[in-house]
Amino acid sequence: MSPADNPGIFRKNGMSYRLRRNLKRAAAGLVLLVFGIGRMSWEGSMEEEWKRLQLRAGGLDLGVREQLGQMSYLAALGGFRSLVASFLSVKAFNEWENVDWVKLESTYGLMTRLQPRVAGYWEEGAWHLAYNASAFYLLNEEMSPGVRRHLGGRYIRKGEEFLREGIRNNPEEYLLRQRLAEIYRNKFGDHCRAADEFAIAARLEGAPEYCRRFAAYEMADCEGREWEAYAALAGLYGEGVRHRKPTLLAKLGELEEKLSIPEAKRVLPEKGP
Amino acid sequence: MSSREADRKPRVKPGGTVATRRGIGASAGRIGTLAGTTFLQLLRMKTFYFLLIFSILVVVASTFNVLHHTGEQHLKLLKDVALGAMSLFTSLFAIVATALLIPSDLEDRTLQTILAKPVPRYDYILGKLCGVILVVAVSVVVMDLIFGAVLYAREEMMVAAELAGATESGGFAEEDLAVLEERLRSQGLNWNLQNAVAAIFLKSCVICAVTMLVSTIASTSLFTIIVGFVIFFIGHLQSVARDYWMHALDAGLWKRLFSGLVALIFPDFQIFNVVDGVVAGEVIPLGAMTRMAGLTILYVMVYSMVAYLVFADREL
Amino acid sequence: MSEKKTAAVSIDGLTKVFRGALARESVVAVKELSLEVAPGEVYGLIGPNGSGKSTTMKVLLGLIRPSAGRTAIFGVDSTRVESRRQVGFLPENPYFYRHLTGRETLQFYGRLCGVGRGALRARIDELLELVELGHAARRPLRGYSKGMLQRIGLAQALVQEPRLVVLDEPTAGVDPAGSRKIRDLILELKQRGIAVVLSSHLLEQVQEVCDRVGIIFNGSMVQEGRLEDLISIENQTEIILKNASADLLERIRDLAEGADAEFVKMGQPRTTLESLFLRETEGREE
């Protein structure tokens, strides 16, 4: 540019600087708003996808806020749910030491609300309720037998309920099914339901093979399903040496006797005289 | 005069000018220069001390042992503390470091000397932003390395200890031991954790951009930091406002307008909070990460543009 | 060459009003100010604090926008980034990045101007020599004295070899020795044909270096012109003699009175306090 040839060296425009500045400010606001409108549905759909991917738990309700206290609630909102849950698990340990079952139950309730997808919290909470708390009452000699049975039984049912809730949140987690089956087996002596739960656990991804054996063992003790159990045990026996544990052999033998299987058709080799 | 000649013999011609570059390349060069100086500035201000605090925290968390905690819970606690601290530190650092830049340049009149050079104001803003994002990136990488090393070490120790314990107590078949180890390893070091770290970084980029925007309006660092924190806080609740605006059709007009305005103006930081899910074992697919990165780029671009529009006619 | 005709600085009817925020009143900082500075000329803007000197300079450099009127540097409107290719600026009491060393500071500003690497290295060596800061080039600026900061600031302003340098109160807060160095540098620039616009409220300094001055008061130009024209007392003549005897002086007085001229004053000229200070401290500093 050659200013000498151009006597009007100053930039020509009709707009005053004030007007230009105000226009730019208006443009800034407009860009922000348009961007806000544009991203609204996009972010909404991302939020949906995040929920589908289980990356984002549902909102926290007022009850959680009251239980957590302001600071922890804020932390949980700000992306620190996992951390708050971890610290609650330390708190739960103290409550266990102090045998404060009421607080312990509510703490696990909070932990699992913060992180419903951490199966470990469900498993541990149920264990505290169905085993530790129930045993505390069942073995408490200061109480009358009736009260002991009542309270002990109530905590076993709480543990069962807790696991069921955990399974609803983590249907693919075999360990929770396994623990539920164990409660039916160990605490209720309900072999039929234990067998069903073990069987479901065995079908889930990552489940160890012993789940199938446990399902068959429990079925063997379930009134009316002996034939089914026998077939399952025989099948496992046939699959290979790895299933031929002492318990399996014993259950097979018991059933063969109980069902009066002819010697020739028995799976187990004949015992020596 | 070729540049080699200039190299050999410095000369000042009366009224002459040394060869200077122009155009896009020059712009990139300026942004690079500003970013490099900003990086150096934050480095020499010893702002990296917080990395030391982070390391101590992670190491302490890794030795923090609650009696009944299983190996899995132990590793989860370590991940919670480390990733939580990483997320918090990075966000706070992003706000504070960004807030220091423009207001201090303004106060020291350094800004006048910079803009009295042929430096367009958008180059200045982008240079500062790139510099602070570079610092954040380096911090995240360092924290990630520390965290990864500690987690890996603890994981190996836990696996060894639990397997030894199980073998000692007996009654565990090979199969059971394998299950035990696999469950422990699933809580240990894995690539999915890097997705959480990447999300922490992306969130900080948005924080830097929005804080930069605030600092173009503000005249002090303190004001910028306070407003930055308020935005940080509201950004975590933005999705609530968006839900309200989109779905609570029967609510009062003013309430809806207010929530709509919040949803339009504030960024949604919850999108980036995937740490909880990742620690719980949820896998983030590549597509989701890509969308998150895309959203981040959009945020940074739009906030930079708005920052420029505000800053373009600011009186210095 | 046609460029020769273009003024280094043109300010045309500049008015700047700072609008008060909220209930505060607006302030008129500069009122219809016009001036031109030719290439290679040293121009001094003088006036009391708050008279609008800095504001004028900032508008010229595009740091603030004029409310009315226009400013240009070598014919390029100040609102365009391009206008700043040919100008170096040293603000009043500048602080550069304290964490950078002297050399890094010059590198930083050089790169901002887009000076190529090789050329920049040579240019920095030359500038450090010019402002006599070669010995401190590797020290961070936080350890620099006021005068050193001012000189590195001047070097910074010169880094892309501009044809115009704008200095806002270049000697404010600098001790006399440092102040003299800066004055010498300005004279050096003048010799090299670089136009200089400087503002100051220290009139003596302006008198020493400027070709032309403008006096600003309350945002308006009240007096402008060549220095000699402005300050010479046209109907008086000064004679300075060395080793004159009392007798000779008496005869001169008689001669003057006999020739219809009024004898105003005779006595020993004083050196300035500044030159006394410099003579006594030269070679003892640092």
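Here the chain labels run A, B and C in written order, and each chain numbers its own residues starting at 1.
The working rule: a contact is a pair of C-beta atoms (placed from the backbone, for glycine too) under 8 Å apart; a residue touches a chain by one contact, two chains touch by 3 or more.
Note that the structure is a prediction, hence the values are computed from the model and not measured.
S.K.: Pick out whichever of the two, A-C or B-C, is joined by more C-beta pairs in contact.
M.R.: Between the chain pairs B-C and A-C, B-C carries more contacts.
S.K.: Taking the mean of all protein CA atoms as the centre, name the chain whose own CA mean is closest to it.
M.R.: Chain B is the most central one.
S.K.: Calculate how many whole Å lie between the centre of subunit A and the centre of subunit B, each centre taken as the average of the chain's C-alpha atoms.
M.R.: 31
S.K.: So how far apart, in whole Å, are subunit B and subunit C when each is placed at the average of its C-alpha atoms?
M.R.: A distance of 46 Å separates the two centres.
S.K.: Mind checking the centre-to-centre distance between subunit A and subunit C? Centres are C-alpha means, answer in whole Å.
M.R.: One centre to the other, that is 76 Å.
S.K.: Pull out every residue in subunit A that's touching 2 or more other chains.
M.R.: Those would be 17, 21.
S.K.: Among the residues of subunit B, which are close enough to touch at least two other chains?
M.R.: In subunit B, 313 touch at least two other chains.
S.K.: Could you pull out the residues of subunit C that touch at least 2 other chains?
M.R.: Residue numbers touching two or more other chains: 65.
S.K.: Taking the complex as given, what residues does subunit C use to touch subunit B?
M.R.: It is residues 18, 39-40, 58, 61-65, 81-82, 84-97, 99-100, 108-109, 111-116, 118-123, 125-126, 153, 156-157, 160-163, 166, 192-194 of subunit C that touch subunit B.
S.K.: Under the stated contact criterion, what part of subunit B meets subunit A in this complex?
M.R.: 66-70, 72-73, 76-77, 79-81, 83-84, 87-88, 173, 175-176, 179, 182, 233, 236-237, 239-240, 242, 245-246, 263-265, 268-282, 284-285, 288, 291-292, 295, 298, 302, 305-306, 309-310, 312-313
S.K.: Which positions of subunit B touch subunit C when the two form their complex?
M.R.: Residues in contact with subunit C: 3-4, 6-10, 12-22, 26, 29-30, 33-34, 37, 40-41, 44-45, 108-110, 112-120, 313, 315-316.
S.K.: Where on subunit C is subunit A touching in the complex?
M.R.: 2-3, 5-6, 10, 12, 65-67, 70, 72, 74-77, 79-80
S.K.: Which of the residues in subunit A end up touching subunit C in this complex?
M.R.: Answer in residue numbers: 1-6, 9-11, 17-18, 21.
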